[in-house]
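Questions regarding the structure given below will be posed in turn.
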Amino acid sequence: KEESRKTRRLTFTFDDWKRHRSGSRYLYHLKTLAESGIVRGIAAPVAWVTAFTGVVAAFNSAHAARLLPPWLPPLPAIALEPMQLTSFALSLLLVFRTNASYSRWDEGRRSFGAITTTCRDLARQACSWFPSGPSPQQQQQHDSSSSPSSPSSSPSSSPSSSSPCSPRPHLARWLVALGRSCVVHLREEHRLEDELRDVLQPQELAAVVASAHPPNFCLQMITWIIRTAGLPQELVMRMDENVSRLTSSLAACERLLNTPLPLSYTRHTSRFLMGWLACLPLCLWSYCGPAMIPIAALVAFVLLGIEEIGVYIEEPFSILALEKLAGKMEAAIAAMLAERETIQRLVTGNSSSNGNAAAAAAAAPAAPANTNGTTATGDKPAAAAAPPLTLGSSPLHSLGATPG
Amino acid sequence: KEESRKTRRLTFTFDDWKRHRSGSRYLYHLKTLAESGIVRGIAAPVAWVTAFTGVVAAFNSAHAARLLPPWLPPLPAIALEPMQLTSFALSLLLVFRTNASYSRWDEGRRSFGAITTTCRDLARQACSWFPSGPSPQQQQQHDSSSSPSSPSSSPSSSPSSSSPCSPRPHLARWLVALGRSCVVHLREEHRLEDELRDVLQPQELAAVVASAHPPNFCLQMITWIIRTAGLPQELVMRMDENVSRLTSSLAACERLLNTPLPLSYTRHTSRFLMGWLACLPLCLWSYCGPAMIPIAALVAFVLLGIEEIGVYIEEPFSILALEKLAGKMEAAIAAMLAERETIQRLVTGNSSSNGNAAAAAAAAPAAPANTNGTTATGDKPAAAAAPPLTLGSSPLHSLGATPG
Amino acid sequence: KEESRKTRRLTFTFDDWKRHRSGSRYLYHLKTLAESGIVRGIAAPVAWVTAFTGVVAAFNSAHAARLLPPWLPPLPAIALEPMQLTSFALSLLLVFRTNASYSRWDEGRRSFGAITTTCRDLARQACSWFPSGPSPQQQQQHDSSSSPSSPSSSPSSSPSSSSPCSPRPHLARWLVALGRSCVVHLREEHRLEDELRDVLQPQELAAVVASAHPPNFCLQMITWIIRTAGLPQELVMRMDENVSRLTSSLAACERLLNTPLPLSYTRHTSRFLMGWLACLPLCLWSYCGPAMIPIAALVAFVLLGIEEIGVYIEEPFSILALEKLAGKMEAAIAAMLAERETIQRLVTGNSSSNGNAAAAAAAAPAAPANTNGTTATGDKPAAAAAPPLTLGSSPLHSLGATPG
Amino acid sequence: KEESRKTRRLTFTFDDWKRHRSGSRYLYHLKTLAESGIVRGIAAPVAWVTAFTGVVAAFNSAHAARLLPPWLPPLPAIALEPMQLTSFALSLLLVFRTNASYSRWDEGRRSFGAITTTCRDLARQACSWFPSGPSPQQQQQHDSSSSPSSPSSSPSSSPSSSSPCSPRPHLARWLVALGRSCVVHLREEHRLEDELRDVLQPQELAAVVASAHPPNFCLQMITWIIRTAGLPQELVMRMDENVSRLTSSLAACERLLNTPLPLSYTRHTSRFLMGWLACLPLCLWSYCGPAMIPIAALVAFVLLGIEEIGVYIEEPFSILALEKLAGKMEAAIAAMLAERETIQRLVTGNSSSNGNAAAAAAAAPAAPANTNGTTATGDKPAAAAAPPLTLGSSPLHSLGATPG
Amino acid sequence: KEESRKTRRLTFTFDDWKRHRSGSRYLYHLKTLAESGIVRGIAAPVAWVTAFTGVVAAFNSAHAARLLPPWLPPLPAIALEPMQLTSFALSLLLVFRTNASYSRWDEGRRSFGAITTTCRDLARQACSWFPSGPSPQQQQQHDSSSSPSSPSSSPSSSPSSSSPCSPRPHLARWLVALGRSCVVHLREEHRLEDELRDVLQPQELAAVVASAHPPNFCLQMITWIIRTAGLPQELVMRMDENVSRLTSSLAACERLLNTPLPLSYTRHTSRFLMGWLACLPLCLWSYCGPAMIPIAALVAFVLLGIEEIGVYIEEPFSILALEKLAGKMEAAIAAMLAERETIQRLVTGNSSSNGNAAAAAAAAPAAPANTNGTTATGDKPAAAAAPPLTLGSSPLHSLGATPG
């Protein structure tokens, strides 16, 4: 059952929507009945209810046929009326509880979406606002250190990746690291080292892994990079608003993970439902006879199914496609870094390469490296190369261009 | 069925509201029964349910008339009671699911509306804040390039459109491009090239089409244009707040498109409904006899209809009038550019043309070009001409002045 | 019916609330039954249902009395059970749809309220921040024009209203114009010229009337006035945040006006209800006999009434008291301009007129003009005169001091 | 009934919560039945329903006993079925309407809470940001006036209260005045003069009382005080954001007071309920006989009670403890002014009074005046004295230290 | 019962979620029936209802067996119909009331979560923005005081903790104090002195304890620290936005604590329920006979349980794990201070310790003190030592690294 949650992580495309809406969905839903995670989740309790109903039916039949010792009393028959009077409260409770779980699921989706969106927004701001070279503040410190520039760890990084501290790709790397460490933080499946190995440099990786709260560590790195990028204070403010939004979106995710629905709510609903289903065969026998066995099974299936859905989606992160969302964010950031040069040329007046600019622009996302030859400005290679972010062999890369 | 979704894209006017509220709407709703997309969508399952009910009725009648071989057992009769006990949960589940879909639809409408509104707001800010000539920063780069100004691609552009990089119309063009590329991004009907051909210049068009995520590309262009317009940093901040809002509204639209309601919710509702409807004839036979065939058809119609509506509006973008909304936004931006001169004259004190200012203002939106002669200030033609945005032959243009 | 909507536009006072809560409201509701817009709206369909029930009753009675030709079959009798099974879904659908309409109504009220509130907030900022004379930027342009100051069009303007471009009253006039043009934009009753004639100057009026989207035009004017008022950039930012809020509140109103609830939702509810009501007499005959005629009429009345309310409040602007709200906003702005001098004196230390300041302050809102004599500071008359906003003869003026 | 609303204004403490949760609450609820405002509110209509049921019962009994003239027809008996079919819609309508009223009540509580919270926030900002002496701008104007400083009106003000225009206590006084004038504005019980007499100086009081909209007047005063306090523009912006929030919270309160729920909604619910209750005895007679009299009374009690609650809480301000909330806000502001010196000493390094600082700090809120001797800095007495805010004899003062 | 609330304060981990979702939860819920706080809370009223039902059953049995004096009338039998007609309204009222309580619980969790999140965000900003030494403003005042630096009270503070007023750890201490004083403020269990003793210095502690409203006092301290830290005004604005958010989150918590749901709502629901349950045995006797005793007990259990949940979660703070949340916040702030040096080294280019930086970074959170030897920069020890926040012996410390 826990394994089945992993297969639920999907994102919809236009074709999925068409299938979702098509008239043949009813057939499809019946065909996939056996594979449903919900159905497998409630198989056991439905079987219990059915077995209990069978026992009641057998006992009652045997009693009616006088096969039982005469001193055994018949099973009590519950009148329909109290069942009716409470069926309403039961249904309301079930559906409201499921609705509260749905709100949690929706908020989880929204909050993680806000993380990726805000990362994209920070990357957008950095692409247009950050100066191209290292900031003066960094320059100073960098000069005084006079160390050889540490080689980038990513195998796809071109050797011309001059300064590891050029703030734009630096920020982009840490935004990607933030996304992945959030995924690791909200799931228990991945190892942080494996996820971040191709994004961060070894010493950065060691620091993140050793930190008390990896996403917080990334947020602090991002704050520092923004602060030392040499921007005017107003733009630092704007970017810091986005960092604050990241903090609170992450906190919303943690809140959902920390705090279930009030347990008394969940448990009372569950006990109410089990008690009601246990009374059902005693009530139905006089109305349906042995036919009550499939009927009780069906009733148990639909009502337990509603309750199971409520529990199933209460913790949203293990059924959301977090990896795909983070992957899309990475692809978007990589595209921004790659397209930056094209945009700059379009804005500043199509200076020297008017003829082949369109072609170059068209080629830019596909092969950002080969534009280095045509442009002679000094600071562009750093941007276009964007070393650790090309994510060449990552399986997430192919998601970047899908629209939905 | 998928085709019918295209006809749903409408916006209401005052007259539509009057018809919507009029007492004759009940008749109208009955008359349009056959054309309803919902009715056509559920025609097949309603037919199945009716056919199944017919078979049950025929079998039971034949059995009662002893036309069937005697070893065939009669169909089991389901008591009404379990149907009643579950009808409540079924109705609640159906209506809550439809309500959750409605929330998605509403959020889709809101989010796309926020995109167009924020574009209008950015255009408003640009009209009043952007300096009229090219910004100094651009001027510099422009001078160093010393290229002939690339001719604007739009056929309606007047030859006096001096600098292609004058930031105000430049931003306006990209806002329009953003709106259209969002429409293309959220639907799968249009081709991006066709939509943007009359807005962007060829090289810009090529760059957008080649980009990984066209709306993101437009957002980056807008960020660059704002940054290089030579505004004070405080106003850059204000405009960037709007760009961040665009980013998050777009992300909200993508979220709706990516993530359906939890599939287990949808499927359990559908299975519950089909199972319930399948039991219905077995239950109704003893109460209604053969009259149950139309009754079961009616019950199936209303309940399947509720479920179908829930599925129908779950993905909102293919039934919303996105093109009309984007068209209104374009008309509003075009009007802002055209009325800018009038406003400037009204604010700065009706300098030299006190007598005919009102007449000129009245004529401004209709024929912005002919005011060029009366004003001698150097920077105004660029604004009044607003080359690629007059959208002369666009079918969207006529929507601009409708109020609602 | 459309006319009756106009009488619904009311605002509540303390006494209205007391009557609203009083124990005699039940009687009052019965007495006003015949005047209710809802009742008149559903009179026709209720009559149809009653007539149809009467026909069914007559046919069945005649059939029972064997007055009809014997080859006529009796009308089919529908069992109560399917009615019961669906009454629940019907009620839920009706009430949820009405609730969705109520949300729209509430949002309409909120959005229009946000427009007036934000206008008041802008006026508050302008009253305290704007310099008293024309801003330097304007001064320059004004001097170079050297035109005679255009005479203010309002008949109530005192001749000492020096510069038409003094930014404070200028902004106030356009805020009032914005409120009124929003009312005109969201209703189809008023003519823009008539509404704005006593607020704007002729050339301004001509420009607004000729513009493509009058509220947008006002928003642009406001943006320009703020920009050219000579404020520090930080305060321009603050005021522009309010202008952005105006833009989005206006867009929310337009969205409500543009987009009804999904039509399939409305229509399915209506069809479900009409079908259910048509089956009702066939079902009730065996339970109630001819007494079913008033019963069916009552049931139709209550259920159709719920549906009618949903449709009635779906488009909120024609039943909201927009004019009164805009009028209150105007009165508040006029009061702010009039009380400005008093406030300035209170803040800056009660300089020379310590004795009679309280008396003057008390008299200020009643007769702002006669304080001109006692103060000798040069810039105050412009503020205290506030020419076109005194709204002396406007019927809206008397609303300003009512508390709720 | 209107009087009983005044007793509803309470705030909960920890002990109240314990009693609220205790198992003996059911008994308590029964015991207080007679004192309940709701019960008294619905006593009359419940009595009518009971009387009508009694008449029906008497008539039917008499008819059955043939005591009536034989030409009198028996009362018609309504079948249970139509009652059942509509009871569901009735319950939904009642509960949804009550829920909509609850949303209004909740929003009223939130909005008024936002007013007090924002006032506290403004006081917090003023305490730490405002310079201690009069701002240069004021100083200038103050010098030129050369008037004797007007004596503060509050009897508890120490004579050392130097300048009436020192911005910090000035702002604090007007924040208190804003809170009280909002209470007066949202209720009709108090007189503004009585409330503000011990807060404002006579001329200020006269100006507020004479103004068209007292809370607006206070907001303008606050805006002016902030503007003239000599802060950097960025901090003026921050404080003005809070003033804008005050404006919109106040507008939200006014909106609730102005606009009831759509009257057609309220009236249709009321009519539906009265009609349903009127049919009830005709239906119950055949099931219950004369026992229907108490039964109908009970049913009327519970259903009318739900409707009454909806009406009762629809206008929230006359049942909310606005005075207590405003009083807490005043106590918090007074404490902030009193504790300011302690905080300043803690932040700036515990300069000369290391030993007795803790003792002094402990004594500060109780007796702020006696710390004047130990500190020799010139600007502190003005802050510590905080003349008109000590609120010595105010009954609200004792609420300041209670936690909840 | 009040004691049982303390055991409800839990946060979920991944394993808890797995158990929460597992198929064996139904058994677990039955096993824990006797320990449930809800069950114990409703034990008494359920017992009453059962006893009353038993009395009714005994009386009716005795009456039927003619054991009672013949002049005693039989107990009246209530028909099922009025019970049915009202069971719907009762269920709706119960579930909506419980839902309203759930909204309060959710808001309480959100608001307290917002407090801790905003504190973390302030610490993040301080770590990257605050200068390392004391600010110039403080320096001045500090020099003039020339007092010996007051020894830090925390036993774990290293003696090298130079200045008690270095703004970064100063702010961190007060953020922690704010969190703890909020916990004390929203509960009545803890003593403020005990909670804050290991965080604040003695004189600070005395001042907080003596203040009228401790959380407000902390907020003011934080405002002062930010103001005097020597930041540019734009960053002061950003941090003050967070302080305003703290103010309003705290006010939201206080609002929930102050204001229960409208008491008339709670009481009417309770009275309705008790009346309905009292009528139940009179109604069930004719349907169920003596079997009605367990049935009535079950019905009372489920309905009273729903009401009890609504009351149980109405005041959220005594069942939320506030201490754990505050503890996590403290651990996060401590980690930020500890990791600050690592981050600074990573950002500014890995200057002199390229080889062992990764190792040092890995060791940093575990033993921040031993990095002092390797770095020679003057301002770092103050940050790395972070004296009063290491919280060495605090039981809260071990929570820092848990993910959820």
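For clarity, chains are labelled A, B, C, D and E in written order, and residue numbers in each chain start from 1.
Keep in mind that, in the parts below, contacts are C-beta pairs under 8 Å (C-beta built on N, C-alpha and C of every residue); 3 or more make two chains touch, one makes a residue touch a chain.
Everything numeric here is computed off the predicted structure, so don't read it as measured data.
Contacts with chain B and chain D are shared by C.
Here the C-alpha atoms of chain A line up with those of chain E after a rotation of 70°, rounded in steps of 5. For the pair chain B and chain C, the fraction of shared interface numbers is less than half, so the two copies use mostly different residues to meet.
For the pair chain A and chain D, the distance between mean C-alpha positions equals 42 Å. Averaged C-alpha coordinates give centres for chain A and chain B that are 26 Å from one another.
In chain E, 84, 88, 90, 92, 233-234, 237, 312 are the positions where the chain touches two or more neighbouring chains simultaneously. Judged by the touch criterion defined above, the protein chains form a single closed ring in which each chain touches exactly two others. Residue ranges on chain B touching chain C, taken from their complex, read 8, 11-12, 14, 16-18, 20-23, 25-26, 29-30, 32-33, 36-38, 80, 83-84, 87-88, 90-92, 94-95, 98-99, 102, 105, 109-110, 113-114, 116-118, 120-121, 124-125, 127-129, 232-235, 237-238, 241-242, 283-284, 287-288, 291, 295, 298-299, 302-303, 305-306, 309, 312-313, 319-320, 325, 331-332, 335-336, 339-340, 342-344, 346-352, 354, 357-359, 361-366, 400-401, 403-404. The touching residues of chain B, counted against chain A in their complex, run 1-2, 41-42, 44-45, 76-79, 81-82, 84-86, 88-90, 92-93, 96, 100, 138, 141-142, 144-145, 147, 150, 164-165, 185-186, 188, 202-207, 209-213, 216-217, 219-221, 223-225, 227-228, 233-234, 236-237, 240-241, 243-244, 247-248, 251-252, 254-255, 257-268, 270-272, 274-276, 279, 311-312, 314-315, 318.
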